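Heads up, the next two complexes both have subunit A, just with different partners, subunit B and then subunit C.
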Partner chain A sequence: MPQPEFIQERLKSLNTIDDLLLATLLHASQAVGTIEELKRGNENMKPQFENHARSFYNSLEEATVGLRREIKHLDENVGTRLLPINVNKRATGQDNDKIREQFDKLENELKESS
Partner chain B sequence: MTEEGANGRQTEDDGMRKIPLAIDPNLIRLIPSFVPPANDQDAEEKISEEAQKSMSSAQSLVNNPYESFGSMPLDQLIPIILQSRGIGSKFADLSEDTLMEEIAKESNTQVDTDGDVNMDNTEFASDADQQAIKPQQIEDSSPEDEESHVTQEQFQQLKLNTAQSLNLALNESSLALEFVSLLLSSVRPSAANASMSPFLKKTVPPASLNAEKIPAEKPKDTEILDRNLVTKGWKLRSLEESRILLKETHKALETSLETEHSYWSKVAHYISKKDVVFKMKDKETGEKSLGLKYGYEDSGSTYRQERGIAILRHNANKDNLEVIPSEKRQQSALGKDNSEKFMRVRIFNKIQEEDDYVLSGETSLEDLLVPNSITAGENDIRRQISKLQFIIFEKELMFHLKKESENLISYGVTIENENKVTVEFPTEKMEFEMMKLNDDLIMNHQQDAPKTNDRKASLILVMLRLLLVVMFKKQLKKKLLTGQKDFNANSKVSRFPESEALLLRPIMGKFRHGNYLNLLQKVIETYILEEVEGSTVVRVALGNFRSNEDYDEPTYDKHIVKLDREIRLFDQILQTPRTDLLVSLPASGKIEFSLQSSNYCNATTSVKYIDATDSTVFDTKFSNFKELEDFLHFIVSEYVKSNTAQV
Partner chain C sequence: MSDRGLLEQLDRTTETLSHSLTHLVKYASITEDKGDEEDEHGTQEIPESTVRTSTAGLMMVNAQTAQLIRGVQDLLVMTRNIREKWLLTQIPDEKIDSQRELDYQKCSQLLEQWTQEVLGTDQG
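Let's look at the complex of A and B:
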């Protein structure tokens, strides 16, 4: 019994945001690496550094935009999908599950005998 | 110095007759520094006089006779002034106007006699000189016509200013002195000690201040190069390290994100809307996690020894979700590690003539409890949850069973230990035991050969479980009813007294009732049927009586109606057993027997003898079969037999 489509979608997009934020770290480390090369006097690294810095900012931007979008989703869904208050969900109906289960057993036992 | 000398000479030329007090440079400069401004002048006069004399003699640059005048006390100065003005003049006659006139005259004569030297010029020169150094003394050295405008208040003001400046200077200089002393104390302690103030000695340890002069060497070119290299090296190194740090963090986060993503996708796929999931802190790992409520608390359970809450944890090794009860850790800390228990019902038959029992039936192990490695994904989670639910349900069952058994000792129910309850009947014995789930049991569960009473045992167990659910339902109904009356009561569980456990008694009652009925029938047979010819015994069908009072109560809550309907399903089981027998006696009426039980386990027999004329002769109750036997014997011999004899 999976969760509804919308929830799965949200989870997926949150996952991509996670990935993007993770990517910023990678880009940052690459940028630092290229700047190190530059400091060593390797002038050829300049375009590379530029690329890394750009992708760092890009991923950061995408992540923030994505987060904003998720927050917007959250705001929009309060009152429709989400309750604006905290409710303690109760595990009701388990008694009926149990009774059904035991009835099944009873039926099996009686069937076997007949 | 030349100025002073010029001044001195000039005034000297004029002789003793006239004393231009204001022009004396020593007088001007030295007086303020030797008269402590804060002190009262009268009191300090004598001291300052002496000090002045010695100092002026030592420091005066010129031997100036006038300088001593300024330092003289008034009682000495006034006679000198008078003397210089000639005999006959009085101090009282002196006024500013006359003095000014005299000065004017004097200057005129000076210009006349000595054209080169102009008094005004010299005055002006010295004036300008002093103006630069000490502005306050302008008044003193300015011509007397200006001085005349200085009022008393202004003078006081000036004096105050001077005093303040002096105080400041004094402080600064003593501070400087202290500093020097302290600095010196490391090299020459005795000399420094002498000049240090007591306060400084007390607060600052000597030789604590030091100064050294270090020559600044100009670095050589190679050194500069060296240093630059080193700085560059450090920079490169720190860049390298930060790069590595970022990369490692990235790697670590990548793995943790991976598990996180799979956790959430599993939660999203396997956890349904029906599951009660809430935010919870995992006490074991300290992480924020998701809790899952699997207990029956909200479905009417009153069992409070376990909360029925589990944590959804991701097992990174197996890459699956695990449902771990929150109590598990506490229990393993207490040494009760294996808390997975289930109830097993065993039936033993008594061997005739021997005081021993033989096992004739037992419930089989639930399939649920057998580990199954094939199930995966959603089924696995479902299975885990059902297993937890099953175990907590079984524990609650035992809990209530023990509670109920406490009062049933007189009916052959004994609590052998905390996990075992036995019920003894004349021909058999039942054991309700909580079994720990261990490998041996799982291994052996299918090997046992089926026994005759296996089915009976499992039926009993199923019935016990059903009855526990009925208890839940009753509790739910009670909560709803009290909740309607009092909203606050909902949260307080303690306000509901635990409903009476009805698990063992209905089942036991059935067996016992059967036994009693056999006994009764035997009694009837021996005392009536065999005695009275032609008498028959008939079992009277019980009318569909519903004596339970609360069903008549009108309820409008559909939940309560539903619960009522569900509870009513079990009425037949829950009702106290009752069997009615009718013995008809030919030509002498009938005897109605009604075997009932007030608490499921005991038995009372009501006997009603109705004679042929339809009048009730006896209507009594017996709880003892011996008495019943005697009574029947009495009736048969006294009424029935005599009746038949009469007939």
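Let's look at the complex of A and C:
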């Protein structure tokens, strides 16, 4: 089912936030990896560790700022685009879609036979 | 409001995440420093305090790593929840409803045509 443009935009930015969060974890693991090298006495790993730590904080910051913005969007649209309550929604639209599909088929059949 | 709860959770997780890397590095250095001392003392006589500190450091490193991963997981769950909210609690557009009404008229017409055809073939 195609979503309105605004919601598509939200979903897209949520996807980028997900990517950023994963990048955060990756940078953390890289930073830990470089510190392991540092402990072995490999001093030239220092700038690398610094870089990884910096990108860890950068991506964490970006992700959380984006997430905060998304929560704000959510807050603003309760009442206009979203229902203010939690609904346990079933896929009720599906039967209508199905019936439309069936009628399309019927129409085609009728056209062919006539 | 649920959004306030989300914001609070976000703040909390961000804080723990930003601390956990520093803690991780800090505790990692504890274990390693004590490890060097161990070598100096030789493997036969390891002071009990050293063993205790290095073990504690190792445990803290594990705990911090787990915390880091769990924090990121929490945030991922949060984005998922927001996504669900956008998709499931949408107020449906009025356009879709008007489309449906148009469909009904056409549908009854089609059904009638179909019954005629089926009856016609049955008779013939």
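As a working rule, the second predicted complex is superposed on the first by the 84 of 114 C-alpha atoms of A that agree within 3 Å, B and C clash if a C-alpha of one lies under 4 Å from a C-alpha of the other, contacts with A are read in each partner's own complex, and residues count from 1 in each chain.
Operating definition for what follows: contacts are C-beta pairs under 8 Å (C-beta built on N, C-alpha and C of every residue); 3 or more make two chains touch, one makes a residue touch a chain.
Predicted model only: the values in this text are computed from it and were never measured.
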| item | value |
| --- | --- |
| Partner chain(s) touched by A:Gln94 [first = subunit B, second = subunit C, both, neither] | first |
| Which superposed partner A:Asp19 touches (first subunit B, second subunit C, both, neither) | first |
| Partner chain in contact with A:Ala28 - subunit B first, subunit C second, else both or neither | both |
| Partner chain(s) touched by A:Arg81 [first = subunit B, second = subunit C, both, neither] | second |
| Partner chain(s) touched by A:Lys39 [first = subunit B, second = subunit C, both, neither] | both |
| First, second, both or neither for A:Leu106, with subunit B first and subunit C second | both |
| On subunit A, positions contacted by subunit B and by subunit C | 3, 7, 11, 14, 18, 22, 25, 28, 32, 35, 39, 89, 96, 99, 103, 106, 113 |
| For the subunit A and subunit C complex, residues of the former touching the latter | 3-4, 7, 10-11, 14, 17-18, 21-22, 24-25, 28, 31-32, 35, 39, 53, 56-57, 60, 63-64, 67-68, 70-71, 74-75, 78, 80-83, 85-87, 89, 96, 99-100, 103, 106-107, 110, 113-114 |
| Interfacial residue positions of subunit C with respect to subunit A in the complex | 1-3, 6-7, 10, 14, 17-18, 21, 24-25, 28-29, 32, 65, 68-69, 72, 75-76, 78-79, 82-83, 85-91, 93, 100, 103, 106-107, 110-111, 113-114, 117 |
| In the complex, subunit B residues that touch subunit A | 232, 235-236, 239-240, 242-247, 249-250, 253-254, 257, 260-261, 264-265, 267-274, 276-278, 293-300, 308, 378, 389, 393, 455, 458-459, 462, 465-466, 469, 472-473, 476, 566 |
| Complex interface listing, subunit A residues touching subunit B | 1-3, 7-8, 11, 14-15, 18-19, 22, 25-26, 28-29, 32-33, 35-36, 39-40, 88-96, 98-99, 102-103, 105-106, 109, 112-113 |
